[in-house]
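Same chain, two partners: subunit A is paired with subunit B first, then with subunit C.
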Partner chain A sequence: MQPEPSRGRPDHNISMWGAPGSGKTTLLAALFIALTRRNDDWKIVGSDPASSDYLIDRTNALSRGKVFPEASMTLERYHWTLIGPAPQKTGFWGRKAKPGPPARIGLSMIDAPGGLFGTGRRPAGGVSAPDGAGDPRRQELLDNLERSRGIVFLFDPIREFTFGDAFDHMHAPLTRLAERMLASGEFTDGKLPHHIAVCVTKFDDPRVLETAEKRRLLTVDLDDPYRLPRVDSEDARELFRELCQVSASGNADMVLNALDQFFHPDRIRFFATSSIGFYVDRRTKRFDWDDFQNMVPGEADEDSRIRGQLHPINVVEPMLWLGQRLAAIRPATEIS
Partner chain B sequence: MTRREIGFEWALEGKRPGAHDDYELLSWSDDRLGPEVFEEIRSRYATGLSADLPQVTIAVAATRERERVSRHIVLAIQEWSGHRDATNRKIVYTRWFYVPYHELAAHPVSYEALYHALAGLPVTPSPPLAVQVPEFDPAAVAPGPDARCAAALLLTGRPVCVVGADGVPMIERLRFLDTVAALLPYGMRARLTAATWTSSTARHKIRLSFARHAPEDAYEVRWGYGAEITQRDTPAPLCLDLLTRSDVRLADMLRGLAGRTEPLSFGPADRPVAVRLLEHSGYPELLSGSADEAEREPQETEDPRDGGGPDDPAGRGTVAPASGAPDLPGREPAPERNGGDVGPAGASPPAGNARRPTLPRSVLSRLGRGRGRAPAPGAPPGDTAAPTTPYRRTADEGPAPGAVPLSMQAALGGLEQAGHGKRARSGRGPHAKVTVTVAFATLGITLIGLGVVMLVRSSGGDPPTGPDIAGAQPGTVVIQAADRPEDAFATNVVAEVVRRSGYRFEIRRSDTPTAAAPVEKPTVVLVEGPASALAGEPPAARGFVQVGSIPVPTPDVLVYDIGLITPEKLRAAFQGQDKDVRVSLPDTAPGELAEALKRRSPSLRLESVSGRDPLRALRDKAVQAAVVPRSAAGDGGYARLDGPDGLPGRTLLVLCNEAALDVLHDALGKVAGAIDPGVLASAEFDWPGKAAARVVGAVLPPGRPSVVSRDGEQESDQGQGSFWLALVLISAGGAAGFLAFIVAIRGPSRFESRP
Partner chain C sequence: MPEPDRDLSRKAIAQALADLADTGHLTLVVVAADGVTAFLLHRDDNGCPRGRSWSATWADLVGERGWDADPAGTREAVVRASRAPSSSGEVILVAVSSGDPKAEQALDWLRAAHPAAQVLRAEPPIAALVREVMADDPLTRSYELVVVLADPGSGRPRLTSRQLFPLGSRPGARTRVAVRCEAAGPYGTAFAVVTWQGPAPRLLSVQSAPLVPGRYEVTAELVRPGRVRFTGLPELSPDPRDWDQLVSALPDRLPGGVGPAHLVCAVEVCGADDQVAERLSRARQVISFASGELGDLLRVSLLAYGAHSYDPSAPELPVRVAAWKTDAGEALDALDALEERGAVAGGYPYHPHAAQLEDMLAVVVERLDWADPTPAVVLTVGGRPPHPARTDPSRLLPCPHRHDWRKLLALLRKRQGTVLGAICDQAADQAHQAWHGIGAAALAPLEAVDVRGLAAALGLVTPSPVHLPFPLLDETE
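Up next, the complex of A and B:
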């Protein structure tokens, strides 16, 4: 459970799952900044040079270049270690004791192009399985889902409102995954053994924020100097349900039902996430309801850009929750 | 330069402007190849997305049409489309071009020429689908050490990744791919996949790639420098030797290789063939020499079916089908062996084929060949007759049992020719006798001389000292280390860095190195690192700064039976992903090792065996892998598990005080950062002194020798190795002298022709 960051590979495989453009790559790119913005001592370290490079490059691109990453074209794998604060042990008779070793959570993240989760449409005349199962990249993706025990599922409410295809990008891989787990005897209680963090992305979009505000789901962390609005994890499910109502296809509610059917209730957690966060004026240093949009859509041939500083919201939390849950159950999982 | 039209089919992968979907095939030529063919290739050879476009990927594909298989070289050009998708992200076009290999075999072209011809076409080309491409000119190829290393390593069958070329333009990288391909038989292009860029975080199936970091299973070749090739990387050392020999005319070799257009794979059956073609193309002068010899001796005439020389139009591009049998019979001179056996493919007895240069026997045996038929009764055991069979493409082709390396042929001068003459006709006995006697005597004296010199040098073990050297280096750096034998590698690394930096060193030992370290002198301290799996927190060292960390080669290594378990499965087991793997552990291993293994890989089934025979359970097939001391790892011929996933190891922190920091900081940091913990289990690290010298030598330029001042004993195995090598040389020299004596008194009777 405690791999050496420079020498071993982390143990906990976590897969990103979401439609194209839902923000998988951007969420990973914002991880370092999100951890740095926190007041605790959690940090992220690459477990191999390529994974460290990614952290450095993406952090620079987001914080300095203010540009979003390009779409993934193949399965990318990142090996990172989350290193937490060292727990302070209580000394005998109140004396100061030596701090224990810091908590470490090894993460192997898989970021796949969103199209691989889709229905595998082929050009006219193409002969293929209905979900493109013959595609070696899809096979690799399913292999990874089967091996992993943690999933970060990204639900893009804007895309759902526009195209309504979240369920299309969920049911085929979910069915294949269940089939594999059944065959390997890990579907005995009728549920998948995975933990799933459901991230409602683009929380910084005015339409999503206003939905949360109308439903009175917003809260503010008193320790947050910027007073950024948030949705507690307990209320994020409600936000998800609310946003499903405006699905273009009307199928979004089936996503929620499928989650309940395939995963243990205590292994699902909802998060309202924004990788870039809200715009905060550097002089006032306070969230402003009249001026909070941090993304500036690009003109004809320009990239969309990030307007101000990044204040990622619920980017680290899904990873930490998954990492901690997986670390807690890992020995039991391996024995079984 | 001739130009010819080359046909192609194409497909365009991308997104439509403003699309919300992922990448897909947008359009294709709709000729012979259907969209499913393009779908398959684009999913199979995805390399990721570079920020620096365009980039080129070279893939290969085979299609079947009415039971006829066609091979294609597929060029994929990735470039920005100028459009954006629904989320305003830039859209990339990947343009796939299928070019039939048979057209490229008839009219060899370079990848670069093909790229220039195809890249200029519109994104959806219209018929006629053909482009003019100039013929490949081998004379334009100028391989550097990196290209030569890459070509040699490709012949091991493992992928090769070029690193350190981040700022190199794509077209220069493509030229490099061309250069590497030119150093292989042209037919290997039918199977060579290559890319000017690959993502370091994506898995791919590209055999020759550029990346920022090499994948775990690939050889790393550094741009502009090359790679360290060891004897374990068979047959790369031999191939590199062929590609770098001064007596090989590169132009002839490249021309010869370009003519070998029959498709060849990188599989175990075809790689030895490729090595032979490489060797064959490198020595056209030997072929012409054979022809001269043939003129003198009419019995041995050149057979045009021998694959021919590189310039032989009859042999150009033709590789005979595998006969499946070694060609030993043909090695025997026809008049004396009475024809021997006839080749299984129906080849007539090779009564005088061109003499073909052969590989060293040791190399051929490592290639899995050379287990041919025993020499005919009566044949001298050390017969140096050159093979005389026509060249045949056979997977298990064996070498002549007495074939000698080319270097040895050169060393022996006219000996081999004398032997030929003797076999061909009798009556040269006295001349041959003198020649052989002189040759053996010379060889014996040379070997004994070399051995004595090495013995004298190894007995002291100290580097050369002298007033000029000692006077030039007044400073001495203290290396303070713990008294643990397994730390010898790290200590030697630091000592070598100090030496190469032009300073003396003094190794001091203590159980508490940080406490014993002198603060007033330039000092480097090696202390246990916190990342070590078997260690606790590092002790504090006042006034010292960490400049790096050095992984420690474990005293035990993990060996496995390849027939029982694959290395991938074993790695998975050590990562905790496979639950049914049994590993034996000697009872002499430290208890911490067993505990660390159980902690890290609780699903492993560890079985204790006697430390006196740690391989017993593996031999009995009771376990699939065994933890054994390095000294026993070579017994039984089991493979070792390399890579980071193996036995838990330790790391030593390198601390410097201020005085040492000024002079050693950069060098120590650079060397420490260059040590790959994933290779420490290999046999190269069994001798810590040599391993340290090699590791440092790969990073730092050779420095001036310095004086070693010792408190304890310098940990060097160099002296020991030299001693044994000297003994071997002296023994071999003695044997050669004895042979010279025997030949001198009994020679004539040995050269008489047999009835």
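Up next, the complex of A and C:
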């Protein structure tokens, strides 16, 4: 990646982190679409040409081609900037003043097939990555996490149900990150200085929605014309805990424990997320409990497709929450 | 006055016999110059007149003491020899000799003993007259031939009887009946005649012969009460089996084609080309085989169904009714067209993991004539599961028409005479649970179909050679 121009330097950096196939690429593409649908002037732009191209390609694939963006096939490093609305400053005697600089949040994603810290339990066809201490890719991820103060951690409950490898992909980098922060004197209170938004993905999957429904965690935003079900952030942690019960390895509960051990409680927030959202019939324009799946599976050699319009759920919110929390602390002094 | 006329005597005896109830007795006492003969007549379980006789000369009755030595003793011996009950039963006294003192004396004693008795005068031989009257006795019960019919609901064989001779029939009466005979085992086909008294039939006679399977025009002739002669058949012999043995020899199914049937073949025509071709080929095999067995009794319907589209811009292909209740030839022609067309509804936006099975069931439920008792065999050839009516954990997208395959299957099962069979791409232990309902009566794997076995399991043919102990009533008559 090319160094950012100093004038466009973000105030803070957020890293996306999650097991391979947990939906990072799709979330990113959905983020662009979700931001475009909002009326609050938040936008995402590439911090370099390669990242812009990547964002355009993946977003087009999702919105026009209705296909899920291709997962990373090679080591990829991308950096984007979330740019918020410029705050209006009030001048003396009510005179209009010049707007202040808009909020800027750097968003980084480093990914590779098979992840960087997996143990090998992954879908067929992928490459299993050894946990080599000197692996430069892993160093790069750790560098990125070290520079960030916000983390978007993606937890795919369906993948966890099938492979149960979320903890495998989490504990090694977390331990290494703690090691680095300890060395740099930023682990003094026994916690990492980061904020972390834990995104429980695939909220649109019937099994996840059913779990939330059984636990009475669902709510509907009265302002939502589609009446899409949601889980408030306050309840998303319980959903996460409930979904950990069906982990294939039985290790998912350790993910929750590790989060509590390494992060301040007030710096952790859970989100029930869906990049594609629920299917809404064009005619009724209402969520239908009898027919809400928004994905048409593909043939053996084809990708799945998006069935209807995209209705991303809790895709922007984790970013903005992190942005708000990071904005409250002093701007980062060293960002790339 | 006694009636001397022989015809009048015959009429009187015949009338008394006709009036004889099932449990009654008629006593005929014939007084002749040399002694007395008693005829005791009754009806057997089938209403046929039966009789026995006893004769005694005057010498037998009085012995060495002589006729006049002990008049009271002689009187008692004469009355006892008549064997007539004193209190019940009709008695007829027949005098065949006039002027003989002993005979007249005996007649007087018997008249005194049975004051209600008719007294007839007739010429001998009386025994022959009694036999003639018995042989000419009109039937007091209907005579019926035991035959087999296919139950219209289940197609299974059931016993019934066809009337040969109604009440009042007399010897010489003839009836023609058309039957079909099938292979019948070592005893041959039994021509059993029964009478009905209450709910259970009573076997009157049974004769049998090994017959070449086929249709027979049989003439039944009433020879005399209790005796029916059949012509139009090879010579019949007495059958040693009793009624219970004959009934227990009735099989569960009829041999060969079991009767009229409506075969509804529904074929999944989405998926790989070679797999679709294989499914259509299996449907062809079953239709051809059933047609060969049932001939014109078979009606065939052919449906083709594919995959649902989940993109409004690509309208899906609905279930295609290629033929409905046609003869096998037309259905096979429609199958040709399906084979020519090949696989449909492949790729996006058609769902790759399920098919319009539930839509197909809805079409069948709607199209079947629920008042038609003809057995319907719904044979589905495919592999994909149906779509659920609404989102469920299977993650299969719900049917766009919200058809519920479980409810539709339950409806079909309720229809009398409906049999569900399937040929599935997968083996039974790997097939989706829906296929176990769709193929409730028989579930065969696509790669190896025992067509005869499948047809037998679906009730289109019998599973093995079946011996039918009775003739089948030819309902085309």
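In this section, the second predicted complex is superposed on the first by the 249 of 336 C-alpha atoms of A that agree within 3 Å, B and C clash if a C-alpha of one lies under 4 Å from a C-alpha of the other, contacts with A are read in each partner's own complex, and residues count from 1 in each chain.
Keep this in mind: a residue touches a chain if its C-beta (ideal position, glycine included) is under 8 Å from a C-beta of that chain, and two chains touch if they have at least 3 such contacts.
The shown structure was predicted, so the numbers you read here are calculated from the model rather than taken from an experiment.
Asker: So, A:Arg307: does it touch subunit B (first), subunit C (second), both, or neither?
Answerer: In the superposed model, A:Arg307 contacts subunit C only, not subunit B.
Asker: Name the contact category of A:Gly298: first (subunit B only), second (subunit C only), both, or neither.
Answerer: The answer is both, since A:Gly298 touches subunit B and subunit C.
Asker: If you stack the two complexes on chain A, which partner ends up touching A:Arg159: first (subunit B), second (subunit C), both, or neither?
Answerer: A:Arg159 contacts subunit B only, not subunit C.
Asker: When the two structures are overlaid on chain A, which partner does A:Arg282 contact: first (subunit B), second (subunit C), both, or neither?
Answerer: second
Asker: Should A:Glu210 be classified as contacting the first partner (subunit B), the second (subunit C), both, or neither?
Answerer: second
Asker: State whether A:Asp290 touches subunit B only (first), subunit C only (second), both chains, or neither.
Answerer: Touch partner of A:Asp290: subunit C, not subunit B.
Asker: Which holds for A:Arg147: it touches subunit B only (first), subunit C only (second), both, or neither?
Answerer: first
Asker: Considering only touches as defined above, state whether A:Pro20 meets subunit B (first), subunit C (second), both or neither.
Answerer: After superposing on A, A:Pro20 lies in contact with subunit B but is clear of subunit C.
Asker: Would you please give the residues of subunit A that touch subunit B in one complex and also touch subunit C in the other complex?
Answerer: Touching subunit B in the first complex and subunit C in the second, residues 297-298, 302 of subunit A appear in both lists.
Asker: Which stretch or stretches of subunit B touch subunit A in the complex?
Answerer: So the residues of subunit B touching subunit A come out as 20-25, 28, 34-36, 39, 43-44, 46-49, 51, 82, 84-90, 92, 199-204, 212-213, 531, 533, 551, 575-577, 579, 600, 602-603, 644-645, 649, 651, 677.
Asker: Enumerate the contact residues on subunit A facing subunit B in the complex.
Answerer: Interface residues on subunit A, with respect to subunit B: 3-9, 11, 20-21, 48-51, 53-54, 68, 70-78, 113-116, 118, 121-128, 135-137, 140, 147, 159, 162-163, 297-298, 301-304, 331, 334-335.
Asker: Quick check: in the complex, which residue numbers of subunit A touch subunit C?
Answerer: 205-207, 210, 282, 289-293, 296-300, 302, 305, 307
Asker: Going by the contact rule set out above, which residues of subunit C touch subunit A in the complex?
Answerer: Where subunit C meets subunit A, its residues are 310-312, 346-349, 351-353, 389-393, 395, 397-398, 402.
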